[in-house]
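Look for subunit A in each of the two complexes below; its partner is subunit B in the first and subunit C in the second.
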Partner chain A sequence: MHHLLPLLVAVPLLGAALLAATGRHLPRTVADGAACAVSAGSAALALLLLAHSSPPLTEWAGGWEPVAGHSVGILLTGDGPGLGMAALVCVLTLAALAYSRRSLDEPPHGHAGAFPALVLVFQAGMCGFAIAGDLFNAFVWFELMSVVAYALTGHRVEEARAVQGALAFAVVNSLGAYALLMGIALLYARTGELALARIGDALDAHGPPDALVLAGFVLVLTGLLVKAAAVPFQFWLPDAHAVAPTPVCMLLSGVMVELGVFGVWRVYDTVFSGPGGLPAADAERVLTVLGAATAVTGAVMCWHQRHIKRLLAYSTIAHTGLFLIGLGTLTPEGDDGVALYVVGHAGVKAALFACAGILLDRYGSVDEHVLHGRARPLRGVAVMVVAGALGLAGLPPFGTALGKSFAEEAAGGPFTVLYVLTSAVTAAAVLRVAARVFLGLGPTPREAGGEGAEDAYETTGSGEEPESGRRMARVPDTMTAVPALLLAGALAAGAVPGFGTAVARAVSGATTAGLVHTSVHWTPLGVGLGLLSSLLAVALAAVAVARPGRLAVPGRALPLRRLQSGHIGDYVAWLLVGTTVLGVLALPAVLSG
Partner chain B sequence: MRLWLVAVGGAGLAALLVAACLRLPGFGGDRHPYGDRAVEAALSRHTANTVSSVTFDQRAFDTLGEMSILFAAVLGSVVLLRQTRDEHRARPEPAAVSRPVRRYALLVLPVALLTGLYVIAHGQVSPGGGFQGGVVAATALHLLYLGADYRALERLRPLAPYEAADALAASSYLVTGLAALLAGSAFLANTLLPYGTFNTLASAGTVPLLNAAIGMEVACAVVVLLAGFLDQAVEIVDEGEHDEHAEHDGGGKTGGNAADGGDHDDSGKRGK
Partner chain C sequence: MTALTHVLPYLVAVWVFLAGCYGLATSRDLIHAVGCLSVCQAATYVLLLAVGYRDGGTAPVFSDVTPGSRPVVDPVVQALALTDVVVGATVTALLLALVVQVAKRHGTVDPDELSELRG
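For the complex of A and B:
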């Protein structure tokens, strides 16, 4: 069974290569169908492997089994979290491909295979990263998914802003990758090992952490946190999400950003959690401080958007912050909760992006003010957006709610309040959009423009082109079926009894802490907090719609919004500052050691 | 403010790196845990060039990823550098080439091509291999652009076959890996072919096969990549002047138009 692990990468890559080779001569239907078949096949494979992942599968690529405890080969780790992420990647890729079938414009002549082939390579890169048990191999797949993501983001090259967004994405993420590579070089220089577990062993054998371990930790984490869009590395994400084609947004927000969080968990747990790594207190400090800053920034910025895709992008940032706080507890309960939260969030967020894509293709705009009351006929979509918003808020029985309740109980104290508030605000923003766009509630917003300094920092989202090439007269069934299925999946993740416990068992089987069986089920407190944040979200949205002036005071958040300047130099400067902040937060580990 | 951020962040990062570098093992030490193991493994598979053994045997799975990155870059740039609706193609004018340049270029072209193929073919024996040789072979073709003109180059490299060959080379790397899996060992295991005689062309098992796949992939990829950028610079022309895309703000950024990224305009077009 373990020999099949590399196929998670090889199958999509082979599919992509064959599509690229024959794509010139294929009609679009055949190319799209073949891509869907390949990603469905790899999804089935991932689920099959996941079912056999206890005890964790390990595979030495090329058959280089260790001799006397040492190997020159590459380790692939097929444990619960890795294969779970891979399965999530495959399922979301299938959803995005099915959705793109009708949502995207006809490809230029002779390029029918290019878009699906790129999506398949993206899938292969993400799967490879999820199952990598070797630090350098993880870097290779990290780069692969980055390169494809830049190209996919800039797919609509006719628009200047698509190129600009993709460029910001490429520059910031490439710098993150350099940091990651430098960190790998430092760790390799110390240990002479590349397999994650072996690096950890060698660090432990060397003694307490010193400046080199600190620098390795900081640089590796910088790379991963850029991908995870944690503050202050998050600037690329809204610019990229606003311009990427909708199916690509579903993948970026649904699973690629979460893979950054997953990488943080994997690297800390396998490499730095021993006595030669970083003491738990310091890791906790790093993750919870950055997580809290990320959650607050994401929530505030999300509330102040009117460009619906940017709004959803900031909501992803906010939730990433919550994931980081959950991991920062360094408890099995926190890990279990975050794992389940990630699964639920992927379904909900991808569905919300799919709905935003429907608005864009149907009305040629993703601007909350311009669309006011115009989407009244789209009742089904309205129901899905509201359901998605409640999923973000953590209304039981969504998977997000179950995961969030576990993570917030593990975090405890003020973080519980942060969890409730962040999820409520991000949900309220979506509910506000739904009330205005689909129901036409509240006063019609005055037309934008001529408002001086405040508007200069506002992206309206009205100058967009429909991705389908022309405005659709009616919404194709696949475009509504995909978000409906994704929401159903997110609901099932929380509602199906035993799913949460299965996730917990898969996660705890993989941690170095050993087998700790926690059973994940609904608790009265968790249900209560979920209901509370949902109520809070509805109340906030109601006030925002009825009295637009009261909650949307643009001036107060202006300093924060001004930071999102669109200037790549600013983003790079913040990346440097972020690296320094990481170093300062982790510094006590070395001073005391 | 940006400068302050760069100063603070850069100083912090520099301090971190300096502190870390002071703790690096000394230069010229005798402890090379991975190097020792890699050389031993290379010799056990009759591979004279240890670097090739690492890239195409011991860590062939990494090379699969690296090849895919190049493949994805080619696919991505073909998509991004496509001729958009507001652009058209201008036929480049032939330009005069001074005779010594022409003679030299046409003389060196076959030599450079042969050198590239040699470097690919001897990857398992001597320094070099698919990545290096592929680049040499691909650049050799572009001597035609120097020695003749752009249209001569275009005749020699019809892009469709090169794109297809790029993809097929990537597939053949994967198929070689899968064949090992089907034969009952692990993916990309070097168990299909006999290891041959040390330090001859027929040695190292599947290393020469993977090496050749990479060589073909890299050569085709470089040709297609260069063609994409050369087309933008030489042939593809904006229709009309710059499009106005001013309303994006996100903070008042001014996006560059995809098509006018280069500093080319009609008057600047030449055949070469």
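For the complex of A and C:
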């Protein structure tokens, strides 16, 4: 079975190469169909491998097995979490490809294969990162998925905003990747190994952590946290997500950002969790402090957006913060909860982006104020947006709710409050949009472009062009079927009995070799907190719609909003600040040792 | 003296990385910024090659060196650096293409004048 692991990367890459080579002779239907078939095939393969992932599969590519304990080969690891992420990547790619079939403009003649080929390379990069067993190949896959993501973000090159967002995305993420590579070089210098587990063993053999280990940890985490969009590395994400084509947004927000979180978990768990790595208290401090800052920043910024895709992007940041807090508990319950939360969140968030894309293609705008009351005819989409918002809030029986309840119980204390508030605020922002856009509730906002300082410092959603080339008279069935299926999946993740326990078993197979089994099921407290944050979200949204001035006081969040300046230089400076903060937070590990 | 020569390449790598970051943070021209990003990447080459250096080592090519007869530098990091160069070429090419599009759509390559995405 383990010989099939490389196919997970090879199949989409081959499909992409074939599409790129023959795309100019193919009609669009054939090119899109072939791409869908390839991603569906790799999804089936990932699920098959996932079913056989206990004990974890390992494969040395090309038969370069370790000699006398030393290895230079490429290691692929197929354990539960890695293959689970790969399966999620494949399924979401299939959804994005099916959605893009009608949502994107007809490509220029002879370029039918370009977009699906790029999406397949993106899929291959993400799958490769998920199953990479050694650090350097993790870096290579990290770079591959990043580079394709920049190209896909700037895919509509004729749009001024798209190229600007793609450029900021590219500069910040590349710099993060170079920091990651420097960290890898330092770890290799200390241990002479690249395979993750062997680096961990070699560090433990060397003794307690010193400055070199700390530097390696900080640099590696900088790269991964840039991808995960943790504060203060998050600035690229709203700029990129607001401008990327909708199917690409589904992938970026649904799995790519979560792969950064997955990378943090993987690296800490296999490399730094031993006695030669970072003590648990310090890792806990790093992850929970950054996670809390990320959750708060994301929620506040999310609330103050009127550009719907940007609003969803900030809600992704907020939820990433919650994931980091969950991982920061360093308990099996926290890991299980986050794993399930990521699965549910991917479905909900991709569905919400798909709905925003429908608005863009139908009305030529994603601005909450401009669209006020205009989308009344789209009843089905309205239902899906409300369902998605409640999924974000963690209303049982969504998968997000089950995952969240486990993670928040593991985190405990003030973090439970933070979980409830953050998910409630992000959901309330989406509910507010739904009430205004689909129902026309509340006073009609004055048209965009007042002259106050507040109005000058925001991104409106009215300058966007429909991705379908022209405004659609009616919404195609595939564009509504995809979000409906994704929401159904997110619902099933929580509602199907045993799914949560299966996820927990997959995670524990990798962390504790299956020795510790947690059974993930609904608890009265979890259900109560989920209902509480849903009620809170509805109440907040109701107040915001009825009394728009009361909750969005002009100027209160302005200092925070001014930081999001759209300036590449500022983002790079923040990256350096973030690296320093990471170092300071982890410093006690070395001082006490 | 030997301590200094052993530490020097690492200091150079840090210096080059920070110099590139400084250039990126203060850049007034996007083409200059892409160049600065390449400078940051050059720091990773220096670091990788410094990690693999052995005193008195020669190139790890065994066509004219009997294996084991004399020390060679670590070929693994050289392979890594080579891969890194390929990655860097791709990133730089893509970034420059994006800058060309920014210049066409915005009529400027000064990051201070790009203000469509904020808040």
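Just so it is clear, the second predicted complex is superposed on the first by the 588 of 593 C-alpha atoms of A that agree within 3 Å, B and C clash if a C-alpha of one lies under 4 Å from a C-alpha of the other, contacts with A are read in each partner's own complex, and residues count from 1 in each chain.
Note that in this section contacts are C-beta pairs under 8 Å (C-beta built on N, C-alpha and C of every residue); 3 or more make two chains touch, one makes a residue touch a chain.
Keep in mind it's a predicted model, so treat the numbers as computed, not measured.
Residue contacts after overlaying the shared chain place A:73 against subunit B, while subunit C stays out of touching range. In the overlay built on the shared chain, the residue A:212 is in contact with subunit B alone; subunit C does not reach it.
When both complexes are overlaid on chain A, the residue A:498 reaches neither subunit B nor subunit C. Using the contact criterion defined above for the overlaid structures, shared-chain residue A:114 touches subunit B, although it does not reach subunit C. Of the two partner chains placed around the shared chain by superposition, subunit B is the only one that A:14 touches, whereas subunit C remains out of contact.
Once chain A of one complex is fitted onto chain A of the other, the partner contacts of A:136 extend to both subunit B and subunit C.
In the superposition on chain A, the chain among subunit B and subunit C reaching more residues of subunit A is B. Look at A:583: by the touch rule set out above, it reaches subunit B but stays clear of subunit C. By the touch criterion defined above, A:124 lies against subunit B but remains apart from subunit C after alignment on the C-alpha atoms of chain A. Of the two partner chains, subunit B and subunit C are each touched by A:151.
Shared contact residues of subunit A, touching subunit B in one structure and subunit C in the other: 72, 136, 140, 143, 147, 150-151, 154, 157-161, 163-164, 182, 186, 188-189, 194, 238-239, 242, 457-459, 463, 561-562, 564-567, 569-570, 572-573, 575-576. Across the interface of their complex, subunit B is touched by residues 3, 6-7, 9-10, 13-14, 16-18, 20-22, 24, 59-64, 70-74, 76, 108, 110-111, 114-115, 117-118, 121, 124-125, 128, 136-137, 140-141, 143-144, 147-148, 150-152, 154-155, 157-164, 182, 186, 188-190, 192-194, 210-212, 214-216, 218, 238-239, 242, 455-460, 463, 561-562, 564-567, 569-570, 572-581, 583-584 of subunit A. Considering their complex, residues 2, 5-6, 8-13, 15-17, 19-20, 22-25, 31-34, 37-38, 41, 54, 57-62, 64-66, 68-69, 71-73, 75-86, 160, 163-164, 166-168, 170-171, 174-175, 177-178, 180-181, 185-191, 243, 245, 247-253, 255-259, 261 of subunit B touch subunit A.
Those residues of subunit A whose C-beta lies close enough to touch subunit C in the complex are 72, 136, 140, 143, 147, 150-151, 154, 157-161, 163-168, 170-171, 174-175, 177-178, 181-182, 185-186, 188-189, 194, 238-239, 242-243, 304, 457-459, 463, 561-562, 564-570, 572-573, 575-576. Those residues of subunit C lying in contact with subunit A across their complex are 13, 17, 21, 24-27, 30, 33-34, 37, 40-41, 43-44, 47-48, 51, 76-77, 80, 83-84, 87, 90-91, 94-95, 98-99, 101-102, 105-106, 111-112, 114-119.
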